[in-house]
Amino acid sequence: MQLARVVGDVVTTIKDPALTGIALLVIQPIASSGEAVGRSLVAVDSIGAGVGETVFFVRGKEASFPFYPPEVPADAGIVGIVDHWTVAPAAAAANDEDRGERTGALGAPRAMKKD
Amino acid sequence: MQLARVVGDVVTTIKDPALTGIALLVIQPIASSGEAVGRSLVAVDSIGAGVGETVFFVRGKEASFPFYPPEVPADAGIVGIVDHWTVAPAAAAANDEDRGERTGALGAPRAMKKD
Amino acid sequence: MQLARVVGDVVTTIKDPALTGIALLVIQPIASSGEAVGRSLVAVDSIGAGVGETVFFVRGKEASFPFYPPEVPADAGIVGIVDHWTVAPAAAAANDEDRGERTGALGAPRAMKKD
Amino acid sequence: MQLARVVGDVVTTIKDPALTGIALLVIQPIASSGEAVGRSLVAVDSIGAGVGETVFFVRGKEASFPFYPPEVPADAGIVGIVDHWTVAPAAAAANDEDRGERTGALGAPRAMKKD
Amino acid sequence: MQLARVVGDVVTTIKDPALTGIALLVIQPIASSGEAVGRSLVAVDSIGAGVGETVFFVRGKEASFPFYPPEVPADAGIVGIVDHWTVAPAAAAANDEDRGERTGALGAPRAMKKD
């Protein structure tokens, strides 16, 4: 999985019927430093993520697992909203520049929306 | 999934029998800014997209779900025609340059072709 | 799928038994402009493609569909021989340089080898 | 699979229910020379890896095999902790610069945690 | 599939039980010119390849087919040892520089180890 920021959404009228009623969000993958890396994607969302939130998403057929059945034709899906993440400098420093502890604080934990 | 623009089509006489009667379109992936990114692909189309339209497509075995059965040997398939998409500047600005709200207006919503 | 040119073949004595009798071709992916892009691959061939021909191929488990059963351990397979393809300049020009209509004429359509 | 170093972890409250109780680690892929290559990922861990350890991980649906059932929506999973690896200079030297034998010594073998 | 050279191996004590007894080799993908391209990988081996040999390998779930059952969590597997390969200059020259016939002679064919 990769970390990403939700940056927008997609409105589509004509689509595969199996995608009806499923939120399609534009996400920007980010590195563990928090910087944007690579291309933005369109991901299906099963957990209620919103624009501005940091999430982690899964690629491939696994993206359709939360909707099973039916078989949703999706290859990227948001599967978690990130409260925060930590990168240990000792571990990162072996081959990188040592940048001190990086903690991605993304706001207080939210209540569970799905169970 | 990724956004893409339909830019052409492919004519092929000799092909796997399971591809018979399926439209093969040349698509150019685009970023959320609307710019072309990466290589063009050949995708199967199950929703009636045409040259010049903006679509979103799925990669992998999922591309063959709309044709099931039979098992179509395809790894890229158009699954939606995009009416428009929005990228929120506040979300995008954290690590990018702030470019103001970008809205991809791609013409008025079309009638549903498939149901 | 992607367009590619068949540029060679691979001879192998020791291999997975499920690959016995299957042609292994070296292919070079090409862009819709006809230029080589990215790395060459080794692909299985179920339609009788030969060196010098332009084909389109599929990646992933889908490459083994034409041989099912048995389960062939392949991740790239030629599934069509391309007669020609067209890229519309109006569609391509939005974010690219306008290069006029590009048509990839690859010889006259051939008779169907497989049915 | 690829070699990687475990560099951090991810805390998430809202997530797909199938991910409940599964450790989510931030890993940095490394080359056989030990240098970081490419983007960091979030991987599920079924073998008890910790920050600072060198592991190898698998991409794709295979990442969820150790948890089956249920179907975990994951596309990267740690499947082994690396004791050490060896790259033979004679083999590497054909097209690379000859760098002498490189051995990645990562500490003494540990006791098996899982059986 | 891609061509690769076997350059090393990986020793691991703690791993997913389904990987027990399976050889883990470090491979370096090579282009059809014989040059190293891209990152080295860790691949499972079902055909008895050794350091210094040129092989071709498969990515994805297909890598685990030779071990089925059980379900091995692997995403790269060596499926053939290459005797030699040929790239035809006429085919390669259309968009490349013409380099004359390139033949990758990798020693005489070996006896089949597996049947």
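By written order: A, B, C, D and E. Residues from 1 in each chain.
FYI, a residue touches a chain if its C-beta (ideal position, glycine included) is under 8 Å from a C-beta of that chain, and two chains touch if they have at least 3 such contacts.
Computed from a predicted model, the values in this text were never measured in an experiment.
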Number of hops, chain C to chain E, where each hop joins two touching chains: 1
For chain A and chain E, chains touching each: D
Distance from chain D to chain A - Cα centre to Cα centre, in angstrom: 20
Chain centre separation (chain B, chain E; CA means) in Å: 33
Per-residue multi-chain contacts in chain E, two or more chains: 60-61
Chain ring listed from chain A, with chain B in second place: A, B, C, E, D
Parts of chain B lying in touch with chain A, wherever the complex brings them together: 1-3, 29, 31-32, 37-38, 46-48, 56, 58-63, 65-66, 68, 77, 79-88, 90-92, 94-96, 109-115
Contact set on chain C toward chain E in their complex: 5-19, 24, 26, 28, 30, 34-36, 39-44, 51-52, 60-61, 64, 71-76
